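Dumping the structure here so I can ask a few things about it.
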Amino acid sequence: MPDTPQLHSAVVAAEGHLVDSQQLKAIFDKVIERGGTFEVLHFNLGRTNDEFSKLTLRVNTATAPALEDLLEELLPFGCHPFDVQDATTRVTDQDGCVPDDFYSTTNQRTHVRIGGTWVEVERQRMDAVVVVVGGRAICRKLREVRAGDRVVCGLEGIRVTPEFRDRTRADFGFMTNEISSERRVEASVGRIAALMRHTRQRGKKIAFVAGPVVVHTGGGAYFIDLIRQGAVDVLLSGNALAVHDAEQSLFGTSLGVDLEAGTPVVGGHRHHMRAINAINAAGGITGAVASGVLKTGVMVECVRAGVTFVLAGSIRDDGPIVDTVTDIVQAQDRYAEALQDVGLVIVLSTMLHGIGVGNMLPAWVPVVCVDINPAVVTKLADRGSSQTIGLVTDVGLFLHQLAISVAEDAGSKKGGAVGEDAPLGSKS
Amino acid sequence: MPDTPQLHSAVVAAEGHLVDSQQLKAIFDKVIERGGTFEVLHFNLGRTNDEFSKLTLRVNTATAPALEDLLEELLPFGCHPFDVQDATTRVTDQDGCVPDDFYSTTNQRTHVRIGGTWVEVERQRMDAVVVVVGGRAICRKLREVRAGDRVVCGLEGIRVTPEFRDRTRADFGFMTNEISSERRVEASVGRIAALMRHTRQRGKKIAFVAGPVVVHTGGGAYFIDLIRQGAVDVLLSGNALAVHDAEQSLFGTSLGVDLEAGTPVVGGHRHHMRAINAINAAGGITGAVASGVLKTGVMVECVRAGVTFVLAGSIRDDGPIVDTVTDIVQAQDRYAEALQDVGLVIVLSTMLHGIGVGNMLPAWVPVVCVDINPAVVTKLADRGSSQTIGLVTDVGLFLHQLAISVAEDAGSKKGGAVGEDAPLGSKS
Amino acid sequence: MPDTPQLHSAVVAAEGHLVDSQQLKAIFDKVIERGGTFEVLHFNLGRTNDEFSKLTLRVNTATAPALEDLLEELLPFGCHPFDVQDATTRVTDQDGCVPDDFYSTTNQRTHVRIGGTWVEVERQRMDAVVVVVGGRAICRKLREVRAGDRVVCGLEGIRVTPEFRDRTRADFGFMTNEISSERRVEASVGRIAALMRHTRQRGKKIAFVAGPVVVHTGGGAYFIDLIRQGAVDVLLSGNALAVHDAEQSLFGTSLGVDLEAGTPVVGGHRHHMRAINAINAAGGITGAVASGVLKTGVMVECVRAGVTFVLAGSIRDDGPIVDTVTDIVQAQDRYAEALQDVGLVIVLSTMLHGIGVGNMLPAWVPVVCVDINPAVVTKLADRGSSQTIGLVTDVGLFLHQLAISVAEDAGSKKGGAVGEDAPLGSKS
Amino acid sequence: MPDTPQLHSAVVAAEGHLVDSQQLKAIFDKVIERGGTFEVLHFNLGRTNDEFSKLTLRVNTATAPALEDLLEELLPFGCHPFDVQDATTRVTDQDGCVPDDFYSTTNQRTHVRIGGTWVEVERQRMDAVVVVVGGRAICRKLREVRAGDRVVCGLEGIRVTPEFRDRTRADFGFMTNEISSERRVEASVGRIAALMRHTRQRGKKIAFVAGPVVVHTGGGAYFIDLIRQGAVDVLLSGNALAVHDAEQSLFGTSLGVDLEAGTPVVGGHRHHMRAINAINAAGGITGAVASGVLKTGVMVECVRAGVTFVLAGSIRDDGPIVDTVTDIVQAQDRYAEALQDVGLVIVLSTMLHGIGVGNMLPAWVPVVCVDINPAVVTKLADRGSSQTIGLVTDVGLFLHQLAISVAEDAGSKKGGAVGEDAPLGSKS
C-alpha cells in the first residue's frame, strides 16, 4: 500500500468478457503500477461462457494529474468514467497538428459520444486522432488533419471495447500467440487453411505480406500455387520480392543453381541489376508481363490473377523498379487502401512490412506471422496486437504445406452446399 | 573431373595477396563450381608477408557462353583476362536504363582501361554502372543514368582489386568478422575505440547508423556522451529514433518508468504521438530545439554539436516528423552524400538502415555492426562486405563501455604529439 | 457451446488472488479446452488489493472420465473439490514404481488432507510423488520410492496454492518474465542487486548456476568480485566451467590473447587438456589449490570463500576432472542438497544446468535467468516456473554491472541498522 | 613487421591441397598472430585440381619458447618439422595422468613415427593422447591411461593431415557449412538423402543423434518411416526423447491434443511421470515393448528394427527410465562404441548430444546438423569440425521431406545393379 494519502478519486465502469480477455487483471495492475489504490464497488462475473461481466471500481491517486493520467491509461482496457458526457472536441488551427490533449487511438473498437449518441469510430487503427464530421467519427493520421478539423480531445465520452478472443470459435480457438519453434507445424497449417476459408465465407479478403525470403527458401512455387487456387487477394511487399522473383525468372539456370545451393552466388548481383534494368526498360512489371519479358514468377501470377499488389520502397532498395512506391507516405496510403475489406493477414518473413501493416489494422483482423526467427514473431505479436498468431518455422516448407492444405480443404468441400462451406477459391 | 570435353579456354591473371585474401581458393572454387577445369600456368607466392603473389591460370569450359559467364564471375576476385584491351562502352538511349551487357559493379576498388590508360573508378559502390565522362570513370546508380551516357559493358578492360585485410595493421588486425556472443566484449570495445581514433587521424569522419533500440536499452545517455566527446560526425537513422528520443525527453516521468521497467507501457502510444505532434508543431527538430520544446536527448545534442543527421522514412513510420525524408530515393541520395569522407561506420541495432548504408560503401570503409541478435550481424556481414566487424552484445551496455573507452583513449593521448596520436575528439 | 450433452458435473472451489494470478482465466480456459461447460455459482472479488477472492464453480462434461481428467487438470490452478475428504494413499509394492493413479506434484505449495488435517507437503518440487510418513507428507522422486511406501493417489484431499506475485513487493515488483533484448539492463541489474540483499535479509542463500560462457565473455573477474563480496553461497555448474577457468588461470598468456581476441585459438585444445591433466594429477580442484597448481580463478575463490560447489557431468565433457560428479542421479541429489535454504537462484548462460535446477525448486524461489539468447530465457521461463525473471543480455557485461551494483548497494547500507538493511555481504 | 629481432628459426614443410583446404592461409595467419615472421623457401602449387601442392617455409620468432609454441600450433595445419625424427614417448607413472608435454590430438588423420616408420593413429578423435603399444599408435582418453603406458610427447615425429573437402565429390560437393535460414531446404534434403545412400554404399552405418524436439514437432512419424526404410542404424539420444515418445504413445488422446495445439498442456507433467512409471515397472523399454505396454513410437520401432540405441543421462532428466545410462563416463564409452563404423551422423535438434558426439568423431565422418536455431548449428560447426553441414530449418518438416526423399531415392534405384547403386535400405 502506498505511503502517500490517496485523496483524488474517480469511479469507472467496464463490461465485457473481463476475465477471459484479461482486462480485469490489466486494470488492477495499471492502478497499482501508477501508484494508486482501488476498491471494487461492484463486480458481477458472467455466470456462463456467454454472459458479460460488469465492474464498477473506485480508483484513488495522490494528485489530480496522476488521476487524469491513470484514467487515460485505463481507457484502452475498456474502463470508462462512470458519469457519461459527450466527447470534447477542439478545432485545429494548423495542418498536420492537433491540440495537446488530443485523444490518440488504439486499434480496438472505439465509440465516441456525440450529441448524446454513441457513435462507432470509422477506419479504426492505432496512433490516429478522431475527427468528428457531422454525426460521424473517423480515424485520421496526424498528417491528414487539416486546419479547421474538429478533433476529439481529453477522455470524456470515449469508450474502448477490447477485442475478445472467443475460445469456442472454431477458427481462432486455441491458437494462441505463444511463440515456440517446438511445435508441430502441420497442425497449425491446417488451422490456418481453415481460417482462410472462414475469412472467405465472411466475404472478406486475404492479404499476404511477404519478404524476399519467400523466394530464397524455394517458397515461390508454392505461393504461385496459392495464387492459382484463388487464396491471395492482396500482396503487400517491397522492391526486393519483385526483383528476386524476376531474377529467378529471367536467369533460370544460374539462379537455379543458386536456389539449389542455397548460398549466395558471388557475382549474382549482376543478375539482380539486370533484372531491374530489364523490368524498367519494359516500363515496369505489368509492361514486362505484357511484352513477354517476364514469363513466370510470383509477380507474373499476381498480374494474371488480378491480385492487388503494392510494393513499398525502403532505404535498402536496389533500383528500385518503377512499380515501387518510393514515397513512404504514399506507400502507407496505398497499403491502407488495399487492406480495406481484408479479414485475414498472413505475414511471411518480413518484419518491416509486417509492422507497417500491423500499425494499420484494427484489432479484430487476425494476423498470422510466419518466420524462422522467433524474435520477429515476438516483436510483431508485441505490437499490442492480441490478434497475432505466431508460427516459428521455415517459410519455404510452410508454404509447401499450406498449398497442400488449402487444396485439400477446397477438395473436401467440393460439391458442398453454398455459403458456409464454400471452398476457399470461390471469391464471390 | 567433368565428363564433358572442355574445349573453350582462356588465360587469366591475378596478382595481390592472393593467399591471405583467400582469392586463390575462391578462384579455384568458382571454376569447379561452374563445371570448368583449370591449369596453373604460373604461380609465384610472395616470399614474405609484404610481397605480392602472382598467378597465371588457364580455365576451360564446355561451351563459349559458359566461358563468358565464368570470366565474368572471376572478375570480382581480381582475375582479369591476360590480354589487355580497352573497356567497351555503349551509349544508352533511355533514362534509367542501360544496354543488356552492362557491367554491374562490386564494392571493390575497380579500374577501367580507357584509351590505353587504367583509370580508377570514382564513387565506388556495389550494384552501380560505370559511366565514362571524358577520361574519368564514375559509378552511377541505374536511376541516375541518362540517355546519351557512355556506359561500360562486357568484361574487357576492367580490373577489380579485392580489399586485403592486413593482419599486421594495428586497427584492423585480428578483428575478424566471426560472429559469436561468447566473446569478451570489453576487449573488442577497446579495439573499436582505437579504430575510431585512427579514422580521425586519417582525416576521415565517423558515422553512426542507429536504431531506436539505442534509446530503449538506455544507451541514449552514453551516445550523448560520445557526441559531446566529438566522436560522432554523422548520424544516419529513421523516424523512430528521433521520435523515441523526443518521447523520452518530453515525457520524462512516465517514460522514466518505461525505461526502468523495460516493458512497453500500454497507452504509451499517446506519448509517442504527442511527441510527434509537438515536434511537427514546432516545424521539426531544429525548430523544436530552437524554441525550447526539446531540451535534452540525442537529437538535441546532434543539433548543438553540428552532427550531420539524415532520417530516412520507412513503411512502419508513425507520423512521421517533418525532418524525415519520406521519399527513399531522396533519402538514399542524402545518406550517400553524408557518407562522403566517412572512414568508419558503426551500425547499432538496425538491420534496415545498416543494409542500406552497406550498399553505398566501398569495400575499404570498415563497418562495425553491433546487435544482440547474431542473425542481424551475420546478415550484414554476408552482404559481401568483408569489411564488416560483428559484435553480438547488448547495445545499451556496449555504448556505456564505448563512451568510457573513448574517454580513456582520449585521456591517455592528451598532451601527446600532434598527428599520429591526436585524441579522437580533435576533428581538425 | 458443445453439441454433446454435458451430463456429468462437479462443484469446485478456489480462493486467493484469483484475478491477479490469472487463475480465474486459466480455470475457465481449461474447462472450455477440455470440451466442458461451467456455471459460476458464487464469486466474490476481493474489494481491495489485499483481499482474497473466492469462487465456487459447477463444471460439466459429457463423460465421467472426462470429468475426472478435468478435475485433475484444475487442481494446479488451486481449484479443489468442494466436498472435502482425506487424501487417498496406496502402498507401493516395487522399488522405484508407484500405483497407476499416483498424484504427480507441481512445484506449487501443496497441502494434503491426512486424518482430517491439512498438512503442507515438505520438500516441494515438481514431478515428484507424495509419500505419507506418520502425519507428514513429503515429496519423493520416483526413483526414491521404496516398496511399502504409502503414496498419495487420486485427487481427493489435495490442495494446490499457486504462487502469487505480489505487485507491491519492492523486490519482485514489476519485474515480469517478459523476454526482450530491447530493455535497459542497468535498471534490471539494480533490481537484482536489491533482490539479492532481500534474500540475504530473509536469511536465505544465493545460488548461481553458471556455464563456461561466464569465463569466455570475460565475466570471470567480476564473478570473482561477487564471491569476494560474499554474494555467492552456492555454485552449481559442470565440468566445463572449472576446466575453462583453470585453463585461463594456468595458460595466462596464450589464453590472455584468446580472451582478448574472443576467438577460439586453434590448438587451444592442448591447453584445455593440459589443465585437466594438471588438476587431476593434483587430485582435484581442492588439491590443486592447496598445492599451488591453481592460484587464481573462479574455482580458487570458491575454495577460499567456502562456496559450496557441485559440478555435474554431461555427455560432452572432456576429461572430466575428478571433482565432476559423473553419475547424474548422484549429481541431482547433490544439487538438490545444495539448494536447501536457497532463496534466490541466478542462472548465467547455461540452459542445461538451469533446467536441471528449475526442476528441483519450489515455485516460491525466484530464478533470474541471464542469457544473450532469448530462446534460452524463454525456455527456462516456460518450464512452468512463474518465478523466472528473464534478462536477455551479454553475460560478461552483466556481471560487470552486477559487481558494481552489489558493491554500491552494500556501500549505501554500511553503518546502517542491523536486520532489515544488513548489507549483502554479511551472511550471518 | 614486428619490432623485436626474430632470432630463432625453424624450417617446416607441408603438402596437400594447401590452397583448397585453406591451410596455406591458416599457416601464414598463425605465424603472424604469434608475432613471428616467415619466408617461403619453396612453394609448388598443384597445377590441376588433382595435384598436391608443396610448401617449405622458414619461420622465425623472438624467443626459443615462442618457436616451440608456434611449431606446436602449426602442427594441426599439416605443417611438420622438416627434419624427421621418431616421436618421443614417455612412460606414465599415474593412472589417468600423463607427462606435462603430452601431445593432445586433433580429430584429423594423424601419423606417428615409430622406429623409423610412419604409423597411422588408430581410433582417431580430438582431445586424446596417443599411446604406443608395440608398433601401433592408439588414441586414448586421459581417463583411460594407465600407469606404465607409453605416451607420445613433444612435437617430433608427428604428422597431421587435415581433411580436404573434395569439391568434385557428388555427395559432399558444394554443401558448405555456411549457416543460413534463407535457403531452400528441399534442395539440401535431396543431397542428404544422396549422402545417406553413398554412406551405405561405402559399407558404413548411419547414426542419428536426436533430441525430444523430434517428437514435439511431429517428426516422430517420419522418423519411424526412416527406421522402417532401414535408414537408421544407430540412435544416440537421452532420457527425454524416450520419455516424450512413450508419453505420446501411451496417452494418445490428450497428447494428440497437445501435439495438435503445439502448446504445453498444464498438468501434462502427469503423463510424463506416468510414462516413466509405466516403463520402469516393465523393466525398461525392451520389457515394455515385449509386454505390450509400449505398442507404438520411435523407441518401439528401434527395438523391432534392431537399431542400436544409447540414452545418455543428463542433469535435467526426469526419472530417468532404467534404460538411461546415468554415468556419463560410461555413456560416453557406449556412444563411442556405437559410433564405430558409422560413416554419417545426422544431428536433430540437440546441442548437448551433438557436441558430445562431435567430440568423439574423426574429421572424416561428415556430420549434418539440423536445428531451427542458427546459434546451435554455428556452435556445432565451430567445434573445429570442418565436416559439419548445417541446416537451419524446422525439424518436423525436415524429417517429413527426408522420409519422402529417401523413399524416392530408394525407388529410383530399385532393380538397379548391386554395389554402387544399392538402395539405402539394403544394409548388407
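List of remarks:
By letter and in written order, the chains are A, B, C and D; residue numbering begins at 1 in each of them.
Operating definition for what follows: a contact is a pair of C-beta atoms (placed from the backbone, for glycine too) under 8 Å apart; a residue touches a chain by one contact, two chains touch by 3 or more.
Note that the structure is a prediction, hence the values are computed from the model and not measured.
If you take chain B and chain D together, the chains in touch with both are A, C.
Using the average of C-alpha coordinates as each chain's centre, C ends up farthest from chain B. If each chain is reduced to the centroid of its CA atoms, chain A and chain D end up 45 Å from each other.
With centres set at the average Cα position, the gap from chain A to chain C is 38 Å.
Separating the centre of chain C from that of chain D, both taken as means of CA atoms, is a distance of 33 Å. Chain C has residues 174, 180-181, 373, 375, 382 in contact with two or more other chains.
Within the complex formed with chain D, the chain C residues making contact are 26, 30, 69, 72-73, 75-77, 94, 96-98, 100, 102, 104, 106, 126-127, 129, 142-143, 238, 254, 264-267, 269-270, 272-274, 276-278, 280-281, 312-320, 326-329, 331-332, 335, 352-353, 355-356, 359, 373, 375, 382, 384. Those residues of chain A whose C-beta lies close enough to touch chain D in the complex are 174, 176, 178, 180-188, 213, 216-218, 259-263, 372-373, 392-394, 396-398, 400-401. Of all residues in chain B, those touching chain D in their complex are 1, 19-20, 22, 24-25, 28-29, 32-33, 37-40, 43, 45-50, 167-168, 174, 179-181, 374-375, 378, 382.
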